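All chains are identified by letter, namely A, B and C, in their written order; residue positions are counted from 1 within each chain.
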Amino acid sequence: MNRDEWYDLARDLDWTLSYVDEKQAFPDEWTGAGEVPPSAWKDWDEPFRASYREYVRVQREKDAGAYAVKEAFKRARGFERLDPGHQAAAMMHMGAIAMVEQMAVTMEARFARFAPSPRWRNIAVYGMLDEIRHAQLNLSFSHDLLKQAPQFDWANKAFHTNEWGVVAIRHFLDDTLLGSSCVDSAVVTNLTLEHGFTNMQFVAFAAAAMDAGDVSFSNMLSSIQTDEARHAQQGFPTAGILARFDRKRAQDLLDASFWRSLRLFHLLTGPAMDYYTPVHLRKHSFKEFMTEWVVHHHLRVLEDMGLAKPWYWDQFMLSLEHGHHAVHIGTWFWRPTVWFNPCAGVSRAEREWLVEKYPGWEDSWGVLWDEIIRNVNAENMGKTYPETLPALCNLCQLPLGTALDRHHLRPYTTTYGPRLYHFCSEPCQWIFGLDPERYAGHMNVVERFLAGQIQPMNLEGALEWMGITRDVMGNDAFQYRWAKDYAR
Amino acid sequence: MGETRKDAAKGRLRTWSALGQLGRTPTEYEIVTHAMNHTTTRPLPLEMGPGTFANRYLRRHRDEAATSVSDWNRFRDPDEMTYRKYNRVQDQAETFVDRVLEEYADRRQADRSHAPEWLDGLQAMLTPQRFAVHGLQMSAAYLAQIAPASYIGNAAAFQTGDELRRVQRLAQRTLQLQLAHPERAFGNTDRERWERDRDWQGARRAIERTFAVRDWDEAFVALNLVVKPAFDAVFLAGLSTLARRHGDEVDALLLETLLADSQRSARWSRALARFAIEQRPDNRAALRLHLAAWRPLGDELIAGGSALLARFGSVRDDGAVARGALDALAFEAGVG
Amino acid sequence: MAGPQPFAIYGRFVGDFVPHLVSALMSDTMPELAEKVAVHSVGRRLPARPGGRYQVLLDGKVIPDQVTLGELIAERRLPPLSWFDVSWRD
């Protein structure tokens, strides 16, 4: 039996409701059809097709492979021998991502219930199952490493904490994955985040992990990526239909999600690629990889849908040059507040690489690092730690100044109601302005601190509030040995 | 132990800190399922403003539902279903179905030998199920997204997968019957029957009403303790028996095999209800309230469904059997 | 009202990459405020200047030394977390 012959019989299953109101069955807050007429959804179609029967067989085989590699690596106890920079990247990834996979289960379940097309509802069931797979693979992998590294507890724990990086991720993804309509979620997540982000965070990271000798992690990431290609398909037909009937909404959504995704990449992928990955294993810089895999892809997608480049394109290009360097130095400086050991990544050899890839690096960042290095070599360690919180963006939750560099640092503020809101950039400010009611009620970490939610109001209190325990509290991955490069 | 004293001294964890008080080694199921819903353990579920739609929705329809316990993460699905286990189990089950379809429908061309009355029956009762089951699939997905713990949400997600499985197998049967009897245009009248046939309206009404449910506990009772078991009792168990009476081994075996998925749903649903009541006896009243509201719809579904079966030669009191199944489930769940 | 009442501001030392949360006092003069801002950047990520003095800028304009934060807040109706710049005076 040819699957194509019965496929439509399994998915063209809409009917006219009689015993429940259409709006009750498909409330717009969850469906998100908006201005798109119901008839438009009949054209929703996805290129990927799978039968349930094939799915369970193929996935069973895939898992047999992925778990076998994991078991072999576990027996070899190889993780502890890996480069500390790679270890940090793995710990950061697990803490940041494992729970997101589970959140995506909920999002796909949302599609399976509320999407305006039965074809879409069906494909979402595979997506839902895929994301369970990813969450459980990540957890299984991390759990194996607990005895060697307590930081992997954060694969399960991170999102239950108020750690600042987690708050930033949650601000974006609780909204997108758990608090948005099907249409919005599909465009932001499947189309923008998954297609762009996973190419870097998963594919590139898999390659880097393999090079670093972390066969198990690499294999797991690659295996996960084979599923992404399938369920990320949901974004294209959805965005296409949206672009036809509500162009402004499609454009705004894509522009907002692209910028927010970039900020997520600044937090996670950029530092991992340009600072944590051992320098001799770096095949591309973050900027190169973004340009080749994400930028070109996203521009093609926009073009296919008859949409324009984001209005902030020039700022985006500049941010590509700087943002992750900013987040990196900030993460390193505030290292006690993260659950892994950040790798400074500024030894002489690494610095040469950075300068080659980012010609302005010395003036934007080298100057700052030089002062840190002086303090390390003078054993003035107190000066290499912070004594207060950084100013934070009310949209992306990352520190002000981390979208660009120190020369471009300036305020972006909006007064809405009784409150003053700060933003790291014009795009973040613009996103807030698109739907102020969506964002205005939220308090960032600084505001919570000022409201007395962190007690006592000092570093100890902040660490406890963030769930950072002594056994995971971050310190330099190489115990500052790299600073010797600069010692007189 | 989550940590032995020695481990604790060295800062080593033997399992997730969240599972630390277990008192034994965690199972693989627990390792990959425990506390994976980060929105249920805080007063504000989402990292969004308190007044936003989604935060208000989750608080109202999930966190403030009448059925509540101190920690839903103590619930365990008796099948301990993980993704790995699910695919193993279902791959095996699907292999069996493949063989049935190949053997009977393809090789033996069994569809060609059915009496016209039975072909009428298949057109009326088997192929239109695609719509009904799509509805069950949708409501299972709702339960998956609104569940107050990953232990519950995951079970509902696998149930959603089961329904997709069923729809696809029904679609395949529809195609096979089309090919065997092109003049009957199997499948073409399904939507009309689902929307118009008097005996289908009980099922349609019950399933459509589940689309209006918002509170997680009502969603659970409505779907898993009433509508789905009622539907499966008639259209899987009852229809399977009737198919065999008509010499239709393909459909008898297919529907029987799909019953295993249905029974799995009943297992964790019973366990969940019992768990809720053990943890907080007042939950029994909350669950029974929902049951009382939904049972009449279940009975109407059964009435219509058994009338359908009777139209096509059933000599069983299908209604009584199905109602009995609902009663038994409710009793075993502690809400009967 | 210029007593020892705390008032939170965002203070950016010009040349550093990030502004900081600074708990200042209403009674702080500009040099006192500048010190509270500078301590998070100067000597940490920017070199100190022996004998160097600071100045405070609000919306790009230098504020005279003797003005207190409380006076500034009252005059300009500044909300908490207003952005202040501190730079070397040269």
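Simple rule for what comes next: contacts are C-beta pairs under 8 Å (C-beta built on N, C-alpha and C of every residue); 3 or more make two chains touch, one makes a residue touch a chain.
Just so it is clear, the model here is predicted, and its values are computed rather than measured.
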Checklist entry - Most central chain by CA mean? => result A
Checklist outcome for this item: At the largest C-alpha centroid distance from chain C we find chain B
Item to check | Inter-chain centre distance, chain A versus chain B - centres from mean C-alpha coordinates, in Å | outcome: 33
Checklist entry - Using mean CA coordinates as chain centres, what's the chain B-chain C distance in Å? => result 63
Next on the checklist: Counting only Cα atoms for the centres, state how far chain A is from chain C in Å.
Outcome noted: 35
Next on the checklist: For a test of understanding, state which residues of chain C touch chain A in their complex under the given definition.
Outcome noted: 8, 10, 12, 15-23, 39-40, 43-47, 79-83
Checklist entry - Considering the complex alone, what residue numbers of chain A touch chain C? => result 326, 329-330, 333, 364-365, 367-368, 370-372, 374-375, 383-384, 386-391, 399-402, 405-406, 409, 411, 413, 415, 419-420, 422, 446-447, 449-450
Checklist outcome for this item: Counting only contacts in the complex, chain B reaches chain A at residues 7, 11-18, 28, 31-39, 41-42, 45-55, 57, 82-84, 86-88, 90-91, 94, 97-98, 101, 106, 130-131, 134, 137-139, 141-142, 144-145, 150, 153-154, 156-158, 160-161, 164-165, 167-168, 170-172, 174-176, 187, 191, 194-195, 204-205, 208-209, 211-212
Checklist outcome for this item: Residue set of chain A touching chain B in the complex reads 1, 5-7, 9-10, 13, 15-21, 24-25, 29, 51-53, 56-57, 59-60, 63, 67, 99, 102-103, 105-106, 109-110, 112-113, 118, 121-122, 124-126, 128-129, 132-133, 135-136, 139-140, 143, 146-147, 150, 153, 156-157, 159-160, 167, 170-171, 174-175, 178-180, 437-442, 470-471
